[in-house]
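These are the structures, in structure tokens.
After this come two complexes, each holding subunit A, first together with subunit B and then together with subunit C.
Moving on to the complex of A and B:
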């Protein structure tokens, strides 16, 4: 195929020195792919940072977006049962990736083999490090769930630590928290005197769970429970709540792009990951295309590029030095990354394995607690 | 036709239908048609043709509904009892575990762990073990990671035996030895002829081998299948798993009799003589080393309890019950949620229906009685919300109802509420009722309107002219005639309300969400489709029961959607 030789030549020029096409070149690749993502600003950052460049490099290839990431697990399961998987690469959060992997719906990835090496010479596995939380999951960005507050409603002393959430005396008013146990239970225990490294051990016991619920009980009447990431910024902007948890990227756009009187609390931010999975059951051509795309989209430069459009940290260590300015606002993005050393002085790492085990159980208890 | 003096018979003579009656009452025998057959059967034949034609006409529709509606729903509901995954993933373990009594021994014995090793080996290679783990995790927290962790280590289990077999005779390392013993003649030829196109010929055991070494043969067949299907390799070139050696060791030491003409009989006999001196491996200890939960009685009780192909577990869970060793019991109070939600869904749907009647009735009356121009304008206003996205309408209510929202601002401005004590109108049941009443109102107004349109104005006028007050004329004359419209509207609104979940999700907070929100959660988020199906099935039964009750009390013929 002439296209392929051309394509190989172009990439060799564009990415001289990297090993993007070494393996993939030998195979026929499908020309259409369906990429599943979340829509909105996040999908836009992916479009700009690597889908557009990829399509430019690969003439004749078309990419279709499907904004179904929120229901990806259920939809993939249904597609798999129907024997007709129509998605090629799917953007999901890490906990969903673990479930897809457990269900056999996502392909296992040989990271060093299938992904590009880091620009600094490290192998993919070294470069991603601890963020490889599942055999099927290719991390893309690190985001965090953290707390934003109304600068004009908190009085003279702006909150500096997470326990302000539970401090109704100093900061009276409503708070918004996510309507699920994850993060809330951990924060409750942290603010009830449990050491960070003991949180999950404590939460594993019946007493520990009661302790967390008791702590949450103290603010239960002052909480608006959200389900969509956009809720808290809206509630803050309307003055409905004085503080609330949400994703750091949402707060960034409320503060920097919309100029709202909102401040941000990095204390005890909970890191989480978002990335790609490749569904099982793709034909060889489609799989070759998906792997080729993912290899390109998760290399050092591409991940660094993405941070020009959204304030989420690149998952590769080698990408961090390359993070530059926001594409439109022109502000330095490094300081807005959850992974920035100044922001990451006290972070909390989400324990995926633990939540995979206890999610069903705690969710039932959490919902029952809410309904009481 | 019940009354012979006024029925149609006297006017039109004998019809085919009454003709039969005549024939029966006549003692002389059946009435015959012109061709000599009995009238009844010739009539049936004629009617059958008609029925067939009618059926053919609706066949495409019927087929469509069956395929796209009844079948998927049936299949979804079937999941609420289906539980084959345990028996299919752990076939040997389930059999061994059947005799285990949790009250007698804490943890099952060695045969169960040996069976688990073999089952898990196959499951890991087929990537089924984590699926089973998530299934059982619904019943007991921690099983998910238990299976995930164990899957990583299980391929080393039994290595002790592999090493000793190989030490005894290097032939045991050779895949050909096993092929010689286990592979069937026909498969061997087919496999040798395989040229890489299409699926590999399915592995077949040699006849008779499963009489001599049944367990090993089964294990080897599993191994060969997995190698072919999962890895797309040739079993004749692959060294068997440790689990195959484990099975062989067990059967040889249990005294399997090797016939003299059995393939590799010499090698097998030599091994059988040696196995008594083999070092053994405590598989149970191995499992416990990976995760001490394997020594937990609860884990085994769950596996045993859910080993049947069908389970009532999801339904029990859906009504806050659980299976315990002492029978069915309530779940701990801090986990009871579904009955509350079912009751809440019913109560709130009723409230929404009543609110729709209260608000919709006057509007429908106005529409039915105003001159056409104004009535049309009003109709457009009623239909307008249909042209707006559901999400937009719901989100608009957020702006209206929140603490700093339009309605609260208005109340504060008028002075009804204090500024620091604004009303909580959203993120609770009030919010859900307000927003859903608004969204479902047209479904009440339209049937009401179409019924009211047919009520002649003259009836009310006649009542008034006979001395009725306005109220009596309305209540005794007009209202009873509009009841069919109320019935139709109520059924529509109530059934739609019961299944709603987007609006409650957005404005319902914690006290205003419905059972459908939990169903959606289990379908799309927790992936517990069995529980979702059970909840859905219960909801379906409740709706059908209400429909039945409605039919008994009001009469379904009394419902009118128009004219």
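Moving on to the complex of A and C:
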């Protein structure tokens, strides 16, 4: 009898202890977080794949979205100067993450310590491999910038390679290109006879840059310049352009989900990365919440889940075998990934370091060229 | 024909062959060009058809048919042509173009263009009179047309800002209410709607209170440096918004930190306070200007009379002054409300994501994903604005009538 009471009491104590402990543990984390992302279909895939599951697991936690990734660098600088950082986790492209890291606006990440191991037993660093391009940047997805075209406007021979962009004889009409030198300069050189491996060497020289601009000059009058990812799909749907560059996920959405008369190229697609950074200067509770979220959101299963909603490749090697079917359409997603072997026969690797060095200079030249 | 008299103006009509016919052919060519483009005939064929139809109508109608039935005939003929060229939608287009053409035929051949000008007006004066009417019409058209385009596009069944072939053919399948459903069920839109409905009324109340008091104070002749104070109070309306916004960002960041740290307010609450105060500052100039304008017609001897009869300043204000300047206060408040409700720059700077308002959501939505939900929201907002303006105008007229201030 006494033993039983004692046992019962101990169990109760232990139980109470654990509850108190876990409650205390939960209290160290802030209960609301602001997640910064890109809006649209991409943000939706994040919402479905890991934000909703995370909020279900952690009752009482709320998440607010801020669609400000496009100007994340400028806004974080301003917030930092004003001493009022309102963001908890920020989704940015790799080049922005490198800049934020250099300026001390993003926190350095200890990948093996702060992130989950891969499902196949690899450490986080092994799992992400080459994609860890910055100490502050936690990659989520691999996306590519590529070209879509109107199937009903290109005639009998659909384009198969990137140089169709510059071929006004076969494909007359307007094209849409991004209003920045990145990708356009590389494609111009590739289509002007420069070998893929020499592109950045050539682009380093004054003559090489002139060569690229000269090639772009041949189509300059036929180009609509875009600044937002939604522009090219809209222009294609309107039939205002015959072809244009955009992100592969946007084209997937226009072709498969919206059923538009649009086709796409994988030739010379330019790979880029998108992922999380955590701003510096967060209070302890908010930092704990941000780290807890990021650890969950970038594990093997969650990254694979994201590819159910959008055709971007998961950044972890261990996620690749788990990529399944589209959540609503039921089509196999693997074949729509930019990293799928069939699509990746001729890819172009965007050189972050090179652009980090030459970006400001070439941006200025590009704007001057546009204004001519 | 040439010697015929215009019964209304009493002046001889211009010769048909050198005046009305060429103008009608040109008008027919333009209408045919538009109709041809819409029906997919191509510019040349459309223009040609337009010229032929215009020529036939110009020769036949005025001679054999009176004005009313002639116009209906023109409408009917063009409607049938449109039906042949482009189905139901073509019919509607044809009816509109035909009505225009039929009207033009009688307007030019019967001398109706001289209506509204004095008999002694020269040709130049008549031309100017009509050109002026045309310019006024064009201004209204260019003001209204962009807003009107938004409305049918918001019923698009697809996810793009495009009139699909199905929509142009008036196929019911091509229209849908899905974007309205999205607006009223999606949290990404409901939260901003809620925020807008919290922030705009609070900002309006603050700007109306402060703005009215400031206007009354500034209308007193004994206040020193009235013009300077007025200029400073109105400056938010004159300084480019982006500059105010940058300044407000740093100012309110510090204030927000102070409120969080020393007053212990939550992050969300300080966020709302910041945005409400910033929007109130933007709304105050509108209130001051409208109330000052009403105060010009306010007879100050009324307040003295009230004081003479023993009313305190507060009582005088609420019983005498306020009812008389109320129309100005209301329209100022309306402007302040719309300023806050439409505002995107300041809220982007001062607010955090938790205070995201409708314009903010529309702005980012437009940039990141061109979704017709934005158009559905825009349509709803247009309807709400029209209702709001109508109600305020009706109330204002009613109160003027009750007070006997209305001239009519």
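Methods note: the second predicted complex is superposed on the first by the 345 of 372 C-alpha atoms of A that agree within 3 Å, B and C clash if a C-alpha of one lies under 4 Å from a C-alpha of the other, contacts with A are read in each partner's own complex, and residues count from 1 in each chain.
Here is the rule we go by: a contact is a pair of C-beta atoms (placed from the backbone, for glycine too) under 8 Å apart; a residue touches a chain by one contact, two chains touch by 3 or more.
Worth saying up front: this structure is predicted, and the values here are computed from it rather than measured.
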Tell me the contact category for A:86 with respect to subunit B and subunit C: first, second, both or neither. second
Go through the superposed model and pick first if A:342 touches only subunit B, second if only subunit C, both, or neither. neither
Have a look at where A:368 lands relative to subunit B and subunit C in the superposition and call it first, second, both or neither. first
Just to be sure I read the superposition right, which of the two partners does A:353 touch: subunit B = first, subunit C = second, or both, or neither? first
After the superposition on A, what does A:99 contact: first (subunit B), second (subunit C), both or neither? first
Answer with first, second, both or neither: which of subunit B and subunit C does A:258 touch in the superposed model? second
In the superposed arrangement, which partner chain does A:238 touch: subunit B (first), subunit C (second), both, or neither? both
Using the superposition described at the top, list the residues of subunit A that contact subunit B and also contact subunit C. 70, 238
Spell out the part of subunit A that touches subunit B in their complex, as residue ranges. 70-71, 73-74, 77, 99, 101-104, 174, 179, 224-225, 227, 235, 238-240, 353-354, 356-365, 367-371
Seen from subunit C, its contact residues with subunit A in the complex are 158-162, 188, 249-250, 253-254, 256-257, 267-268, 352-354, 356, 364-365, 367-371
Along subunit A, where are the residues that touch subunit C in the complex? 32, 34, 36, 38-41, 43, 64-68, 70, 78-79, 81-84, 86-87, 228-231, 233-234, 237-238, 258, 260
Given the complex, residues on subunit B that touch subunit A span 127-128, 130-131, 133-134, 137-138, 141-145, 148, 333-337, 340-341, 402-405, 427, 505-506, 509-511, 518, 523-529
